[in-house]
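Labels A, B, C, D and E are assigned to the chains in the order they are written; within every chain, residues are numbered from 1.
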Amino acid sequence: MSGPILSVRGLVKRFGGLVATDGVTIDVRPDEIHALIGPNGAGKTTLISQLVGELRHDAGTIELEGRDIGALPTARRIGLGLGRTFQITCLLPEYTVLDNVATGVQVRQGHSFRFWGNVRGETALRETALSFLETIGLAGRADEQVANLSHGEQKQLELAVALATEPRLLLLDEPMAGLGHSESRQMVALLMALKTKVSMLLVEHDMDAVFALADRISVLVYGRVIATGTADEIRDNADVRAAYLGEGDELC
Amino acid sequence: MDNSIKKQILLAVVAVLLLALPFIASATGYPAMTSLATRALIYGIAAASLNLVLGYGGMVSFGHAAFFGLGGYVVGILYQHYTQDDLFLGLVPGTNQLLVTLPVTLIVCGAAAALIGALSLRTGGVQFIMITLAFAQMLFFLFVSLKTYGGDDGLIIRRTNELFGLKMRDKQTYYYVCLAITAVFFFLLWRLVNSRFGNVLTGLRQNARRMAALGLPAYRYKLVAFIISGMGAGLAGCLMANFLRFASPDMVHWTKSGELMVMVVLGGVGTLFGPLIGAAAYIVLESVLASWTEYWQLGLGFILLFVVLYTNGGIEALFGRLLGRRV
Amino acid sequence: MLSVSGLQSAYGPSQVLFDVELGVGEGEVVTLLGRNGMGKTTTVRSIMGLLKPSAGTVRFTGREVSGATPETVARLGVGLVPEGRQTFPTLTVRENLVATASNRLKRQNPWTLERVYALFPRLGERAGQAAGTLSGGEQQMLAVGRALMTNPKLLILDEATEGLAPVIRAEIWRCIEALKAEGQSILLIDKNIHVLKRLADRHYILEKGRTVWSGSSAELTANADLVHRYVGI
Amino acid sequence: MTLFLEQLLNGLQFGVMLFLLAAGLTLIFGIMGVINLAHGSIYMVGAYAGTWVAMQTGSFFLGIPAALAAAALVGAAIEFLIVRRLYKRDHLDQVLATFALILIFNQVVTLLFGRQPLFVSIPPLLDGSVQLLPGLPYPVYRLAIIVVGLLIAVGLYLLINKTRIGMLVRAGSTNREMVRALGVDVRVLYTIVFGLGALLAGLAGMMAGPILAVQVGMGEQILITTFVVVVIGGVGSIRGAFVASLLLGVVDTMLRAYLPSMLRHVMVGPEADALGAGIASMGIYLLMALVLLIRPKGLFASNF
Amino acid sequence: QDPVKIGLITTLSGPGGYIGQDIRDAFQLAIDMEGGKLGGVPVDVKVEDDALKPGQGKQIAEKMLSNDGVKLFTGIVFSNVAGATVPDIVDAGAFYISPNAAPSNMAGKECNENYFVVSWQNDSLHESAGQLAQNLGYKTAFVLAPNYQAGKDAITGFKRYFKGEIVGETYTSLDQTDFAAEMAQIRAAKPEVVFQFHPGGLGIAFLRQYEQAGLLSTVPMVLAEPSMDAVTLKAIGDAAVGLNISSHWNADFDNAANKNFMEAWMKAYNRMPTYYASQSYDTALAIASALKATGGNMDDADAFRDAMRKADFESVRGKFKFGVNQHPIQDWYHLKVEKGEDGKPVIKTVGDVFKDHGDAYADQCKM
């Protein structure tokens, strides 16, 4: 299959007078990491929220693997292969790290109207969950309560949980934010490795990571895509430099 | 490991005590203890049902008395038609068989919970508290103005429902019936909260947004939990009406919803046996203090206050700490 | 101005800080480095009084403040940009800035709404919007602005540039430079070591709740392997 | 027509009265976010203290400061001794604690004042009625209630939305620690604001004294209604609470006044009366359910 | 001799608490007047608060029955508590002597040989008010009551004896605080008389607002006694002057028993008794007469019952006897609120309403 996995056409979202998403057209191809960058408040998170259905768009279409998902509720979209991480971590604080992932696996497996049988005793479920934690490198913290994790660890767990839903397209909202250098690098390596299994739309302000990872980059400014291209094309784009990268010497 | 053994021993001891309670009661010259315990068990079921939505599901229902009362009225109304030998709404014959009234209660309360839940769950948070209250209040005013069924004065059920030819009027017999039902109820509840369903329910309380992002259609799970919970409260109402041989709008009043909530919090929110402990503590305190002094409310008030301020998690948490369990 | 010694702190039963040494002098910019989960934020919380230290001393402008309430510490002149923004979601942008604003230390040329809006024009544009609906980066700017509006003696920035666009980040660095020039003391926690090396006077490295190294920027540059070991660069 | 106008006026008047009752709660529950079931008890404390002083001195107007002071002190004490420890905890702990307070207050009032209701009459200054329209006499005291209610509405609105105190209270309700870390002693502030909310409850109690019964348990009667007002209006919105009060007042009054006669067109008299009254007494709950189904956050929910 | 145990279950908390208090105090007064005895038999009264909760009332009865072996009960204020509690008591072979609550079902089909009512049957209260309005010659009436069982019974009872035209019939709500809409309706309907039944706090609010709306001076009102007892009167003050009340007892009754009672009461408690107090006192006297006849032997239920049925005591209301359903047959009076010598309003007896009035349910009672 060669068509894009995600195809967004002419998406519009208004908050009162503010046009937060202004005719955005963007697509993500199979096995591609497509980065979305742009100044703060450009509408990146808003776009992701519309893709997963937390916000209703006002106009335009969203297609996942050729199927229009624009009218579906969030849960259905996830079921069809969308996955996401949150900019501000969003986890189940009273559960352990493993439970968080296991719950993701469980939901993935289909409906949860099973009133019998102890979930904590389902070895298959827990082993699958553990394998996701190993991928991420959090296996050592499996039995820690989420509330006790440091910020960085929570970020990593976000990704593990998203992976547990076995998405075909992963929407990543600033996965590097809050990570230290080595953790960032691990994360980059991890995403690299995942690339063959899942396509990604990556929102990130860490340019090192973006340039290292992205096959293509789109730049969003005031809700509009002003440029799309490869890393080098974007780096040299004057508009992008002015609006986003800045002229400064340190691009870190 | 050590802990779970301790827990099992404790459970076994409590079970033996509960089984022996009527004998202890008559041996010590306090036969009324049996009735007190029956009431505690029944309220325990109601509170635990509420706790399913409130403690596990994070849906703070302030209208659970609706189902409790409805359960009571199912028994009362069917009994009235049974004695008058006519038909409810010209369709349904009355009955005095517990094996009939119990399932009917479950169906009626389940249906009511489905309706109320389906509407109420469109809101959340404080609004959910208030809208469930609103529905319960409407039911309250309905029963108050239902002249045929006793209105405000309530509905007297002259004889307890029959079951397998047992002498249900006998307090000990009825206690054991309730004990058996309570045991089954808590066993089912225990399986439920630890099941996959329980897992997503607890997840929904912690973070609904996260669960949606996992692909969980939250509404239907919450609704099912609400229905189960409503049925549980109805079951308690059915048992209570049989015990009191009386059903009245008092069972539906908001203060009853409040009391159920107080029992849950007193015992321990989101714990399996907390509500049962809370119900027992509340009922016993109320009864014991009232027999000491007419200013019993003062004592009860201060005790409740003490529990909130100093146990941090209700009586269950207090026990936990006394047993040296990690909190 | 700020000196921390032998600081120990715990969340309930789990101890996180074992022995933290830290000092910030008048007009100095100091950083706190370390990997994720090493206790940087916990140190800040302990200094602020948001977490009661179990041992050790924290002194600020000569006063012992370990165990003091957060408002006492803040009133003595510590301004905090907390990790994770923590703006007040139901207040508008303007209200977020104004609500806790003050100039207790009677600084001339204090931070005002206008100055903050000039620094972050985005906030000016969104002045009437509820902070909870701001974008992540806008909230971050707001958190910085809010701390500046208290006109502190010591500004603590805990990952204040997280989630900011490079242009804005550069703006914040410029702002910090300007503040430093004004003589503002600053404690910085950030991962952009390259910038920090240029901006800061001294650095502390935390490892598992202990201060394991401290020194000047030059010393930091000289000890690349040390940085690599503890910070991962 | 005059009758209709009069009923409308009655509805508005009742609405303002509801707002008066709910004003303190919008502060404590709506803005500070404390589920305070003891609000009714504070209202009762205000009514008892004020009425008692009025009975002893023979002056209604001396009763007012007594009511305000007693309610505010009790409120501040509740905050200081109990509620303060519960902000961080689950909301349900507040439910339990304030429920306990209801029991305690009812009993204490019984001990202090006995079980018989107290009596205070309308002060001569506000007694009697005026002709609003020809053939439409209206009690002066009710007009006084309207005036006080409106003043409080405006005052509260300004306090919450235009002053720093208001901002800080709202900020504190979402993130206490952060407010403290920015140098504001939220604890003192909250004690004061809680006291202010209690003071308003006490004022309502005193104002209600001459038209209702000052008796034990009077607080529980208004408790639910006041919560309904706050929730319909949208938690945290003074404007919402005010509009909701008026709406409730008018709907309730109109239902009581006209529903039975409307129903009488379709069914026989007594049944219509009873059914009409039944629906009318459910009125505020029906209205709340409807409002929440259409706008799940209430009428004037803050846009967040 | 072991004292006879008497269980007094009543409502002491909440707005209705004052009623329970008067019932308890009057009962105790009768005992104290006899020096700790009733009918020459020492008695031991156990008082407990049912908090107006049927379940709790039942629990208390249960406890007293089985733990303490109590065989004689009284005290319940409210019908719904009675409904849950009394069947248990009589089923256990014990006696219940009601000083107040008397729901209609228990007067008719569900009547019981161990169940006596000393107060009145519910309906009589309002039937007498209807008759009173009739006697006073009013042709049109506006009737109001809360929308619940007792409220509807009240209006039915009133209409049973009032032959004039009902120009308005309004049901209020049990938790209503504002009656402005009703006042406007009354003013618009221009009735000759208003009959309303609002017990306790509702009644206080209603009457005050009635006066404040300026209606008191234009439209007279007829009430049954629950809407205007001594406590309510105190809480309403001058606004009550001129009201007509139908009642079976009043403090100024000129008989020896009542004088005795009033004197002892005022001495002991120094407040005006409500009619509930008089009922409870009568209950104590009725029990005393039966205890005297049986010598305090509660084991012989038949003997105690027969003695009770004779009603061989001097009631504070004058004549008293039980009907077949063991509810009273008694006279009803017209009372009026007037300004007393000290300027405070008092309730004066001004005439008769009914003679030897029983109740409509007695026929259904098969005993």
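We take it that contacts are C-beta pairs under 8 Å (C-beta built on N, C-alpha and C of every residue); 3 or more make two chains touch, one makes a residue touch a chain.
This one's a predicted model, so the numbers in the text were calculated from it and none came from an experiment.
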- Chains contacting each of chain B and chain D, listed by label: E
- Task: In contact with chain C and with chain E at once: which chains are those? Just list them.
- Result: D
- Could you tell me which chain lies farthest from chain A when each chain's centre is the average position of its Cα atoms? E
- Message: Contact counts by the stated rule: is the higher one at B-E or C-D?
- Response: B-E
- Message: What's the distance between the Cα centroids of chain A and chain C, rounded to whole Å?
- Response: 29
- With chain centres defined as C-alpha means, what is the inter-centre distance between chain B and chain C in Å? 51
- Query: Can you give the whole-Å distance between the Cα centres of chain D and chain E?
  - Reply: 34
- Message: Distance between chain A and chain D based on Cα centroids, please, to the nearest Å.
- Response: 48
- Item | chain C residues counted as touching two or more neighbouring chains | 133
- Query: For chain A, which residues are shared contacts with two or more other chains?
  - Reply: none
- Query: Can you list the chain E residues in contact with two or more other chains?
  - Reply: 12-13, 147, 152, 173-174
- Each pair of chains that touches is included here, namely A-B, A-C, B-D, B-E, C-D, D-E
- Task: Would you tell me which residues of chain C are touching chain D in their complex?
- Result: 48-50, 69-71, 73-75, 79-80, 82, 86, 88-91, 95-96, 98-100, 102, 104, 130, 132-133, 146-147, 150
- Item | Touching residues (chain side chain A, partner chain C) in the complex | 15, 37-46, 87-88, 148-153, 174, 177-185, 205, 207, 243-246, 248, 250-252
- Give every residue of chain A touching chain B within the complex, in rising order. 52, 54, 73-79, 83-84, 86, 90-95, 99, 103-104, 106-108, 112-120, 161-162, 164-165
- Which residues, counting only chain B, touch chain D once they are in their complex? 54, 60, 119, 122-124, 126-127, 130-131, 133-135, 137-138, 141-142, 145, 254-255, 258, 261-262, 264-266, 269, 295, 297-298, 300-305, 307-309, 312
- In the complex, chain E residues that touch chain D: 12-15, 17-18, 20-21, 147, 152, 169-178, 180-182, 184-185, 188, 200-202, 204-205, 208-209, 212-214, 231-232, 234-238, 271
